[in-house]
Amino acid sequence: MTVWAILQVLVLVFTVVSAALAVWLRDLLAAALALGAVGLFLSLAFYLLLAPDVAIAQAGIGAALTTAIFILAIRKTRRREEEE
Amino acid sequence: MRRVAQWTATAVLAFAVYLVLATFTGPWGLWAPDELLAGLVIALVVALATGMFVWARGDWRVLQPKRWLLFLVYILGPFPLAMAKANLDVAWRVITGKIRPGIVKFNPNLKTDLGRTFLANSITLTPGTLTVDVDEGTGDFYVHWINVTNESPTPEDVCGPFPSWARRVAE
Amino acid sequence: MNALIYALLAVGTVFNGLGALALIRFPDVYTRIHGATKCTTFGSIFSLLGVAVYGIWQGGGMGGTMAVRAFLALIFLLLTNPTGSHALARAAHRSGIKPFRAVVDRLEEKK
Amino acid sequence: MSVVVRTIARMLVPVGLVFGAYVIMHGHLTPGGGFQGGAVAASALALILVSFSAKELKPVKGLLSALESTGGVAFVVFAFLGIGFTFFANAIAGMGGLFGQPVDYGPNPGYLNTSGTLPLMNWAVGLKVLAGLGSVVLLFALFGEGEDDR
Amino acid sequence: MTRWLRLAAFLVVAGALLLVAGQIRRFGEPRLAEMDLYFNRYSQDEVAANNAVTAIVFDYRGYDTLGEATVLFAAVVGVALILRKVKK
Amino acid sequence: MIVELGFGAAAVALLAFALVCTIRLAVGPTAADRAVALDTINTLVVATMVVVGAAFRLVVLMDVALVYALLSYVGTLYIARYLEGGSW
């Protein structure tokens, strides 16, 4: 186990945990926040795989624009997810 | 005339940012001529697009070199000291859990936007205080203080010498 | 020189950890913002300074660029971090979260 | 937002635009390129939107849609430059002169006028992405604000 | 009942994926590496770009980028169409 | 891959602290708590990116960290503005 492998495993675990949170949370604002965390860790995963082009694209889209569009959409609709 | 001055100042600052981004591209650690040309064009376009919106009233005084020197002294001297103190303070409070929080109000008598921003960010990074709101009409600062010793404090009680520094540097 | 770099990295890591710990231990939003902002900003300063020193002393050909990038990231963090915290604190107060066991709340009195 | 956020946004919007332009400009030398730089610059537009109000950017809407069409058309035109060989062939790379010195192997920053049509295509795609993503965020923010005509 | 069914389906799919994951080659050693080797070797000479990714995106795979630009355009048109002002 | 072991160890430690923040992101009672956690994770990840870039001795990687340091703040501002309520 090199340091690199440990880093990759940690980042993948974080990505999966954040994605599960984004599905699990009922508050849509919190889900959007968790989705922001997913983008963050995904960008870090690409970074560790030495793919900086993809990492910059993921950072630029995921850090600001995705969160912005989701929150603008939540503002125009409802914040809580409805029970089935 | 005023608009031309705004554009020029913005273009110079944008060019400086580009140069910092593109360091060590040419011979002897300087800039390649291509980079200089491209940076100039980009700076001009960006300045044309955002020049009239960057400068608020009273921001011109920041352009004096004397204030840059004072800012350098500030960022190297009192500010890191206060930050170190702030972090040790937070460490102590994290471990012991002793807090006595509250939101207090004080008026440091700052007029310009830049001065208020400077003071607010300094307050947020220094011991035990966090700017919650700034009243734009009267200039009152509402500060969340983690260890309230005085319910109607003077500016010096909350943040020490920072208001005078803000006045000297940014106003 | 290696000792200096490792010391800077260690100090930065310790303060970052303190910030994360503060996020868990403090009781309400405002105190959490206190801990998180101050400690992570301070710790990141040390980490990035370690990288800058490493770039200048041992980076080889691209070391200078590395140092410049680290300093730029440092400046961006110093500009944006306290501002984001201020925006969050203000939003929390406006959305009606009361400070935990506050002895005084002048902003509430103003409204 | 408060005065602190607005002042910092005033300082950071030109920096974001310059940084986006830097990423586009160095697309053929360092990581980055048209899409990435356009996204960074569009985030600067989103910063204006959130710190001030959406009405500040309303006059820019026509300019943004014009920029998007210009970028798309320019991209296809630069692709047609290689029509003697194949579509999208980099015809003017390594020609010498203004376009394209041949490059050495390995990373060598600072030689901006290399690689023929690639920087031009980067700029076309960058403008297109900037205008496209910026107008998406702007339309989302403007939707349902008042009765005035959009 | 449906809950158990869902759980069973999840377990079957996850097990199949794990089974396949044991079989794949190591990361960074794909079976068909001819194109990779070609790009690594010749992209700097043919396209004269230091960043091989940009060379691939805008030269070797230019049609993909054209399609991507079309997709972005379609997305913007869709947003503008949905969020327009409806005239009564 | 990792050239400098000290930097690698620091990166692992910083990511482990991000785990602690993820707990706050999961349990935080109000949305403001979660936003603070996300902000902290942003800072930690920027530091991690720079440190890993130094560990790889690759300066071209550091642009990503710059992009994140500049842009993560925009997302935070959107959340704050939504929480503030009222008209924009």
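Should a chain be cited, it is by its letter among A, B, C, D, E and F, assigned in written order, with residues numbered from 1 in that chain.
The rule is simple: a contact is a pair of C-beta atoms (placed from the backbone, for glycine too) under 8 Å apart; a residue touches a chain by one contact, two chains touch by 3 or more.
In this text the structure is predicted, and so the values were computed from the model without any measurement.
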Shared interface partners, meaning chains that touch chain B and chain E: D
Chain ID, smallest distance between chain and overall C-alpha centroids: F
Centroid-based (C-alpha) most distant chain relative to chain B: E
Where chain D and chain E are represented by their mean Cα positions, the distance between them in whole Å: 22
Length of the line joining the C-alpha centres of chain C and chain F, rounded to whole Å: 10
Centroid spacing, where centroids are CA-atom means, of chain A and chain B in whole angstrom: 31
Junction residues of chain D - those touching two or more other chains: 1-2, 4-5, 8, 11-12, 15, 19, 23, 30-33, 35-36, 40, 43, 46-47, 50, 107, 109, 136, 140-141, 143
Chain B: positions in contact with at least two other chains: 21, 24, 120-121, 131, 133
Shared interface positions of chain C, touching two or more other chains: 21, 33, 37, 41, 62, 65, 72, 79-80, 83, 85-87, 90
Of chain E, residues touching chain D in the complex: 44-51, 53-55, 57-59, 62-63, 65-66, 68-69, 72-73, 75-76, 79-80, 83-85
Touching residues (chain side chain C, partner chain B) in the complex: 15, 18, 21-22, 25-27, 30-31, 33-35, 37-39, 41-42, 62, 64-65, 68, 72, 79, 82-83, 85-86, 89-90, 93, 99-108, 110
Chain F contact footprint on chain D (complex, rising order): 1, 5, 12, 15-16, 19, 23, 30-32, 36, 40, 43, 46-47, 50-51, 53-54, 107, 141, 145
Complex contacts: residues of chain C adjacent to chain F: 5-6, 9-10, 12-13, 16-17, 19-21, 23-24, 29, 32-33, 36-37, 40-41, 43-44, 47-48, 50-51, 54-55, 59-60, 62-63, 65-66, 69-70, 72-73, 76-77, 80-81, 83-85, 87-88, 90-92, 94-95, 97
Touch list for chain F against partner chain C, complex: 4, 6-7, 10, 13-14, 17-18, 20-21, 23-24, 30, 32-33, 35-37, 39-40, 43-44, 46-47, 50-51, 53-54, 57, 59, 62-63, 65-66, 69-70, 72-73, 76-77, 79-86
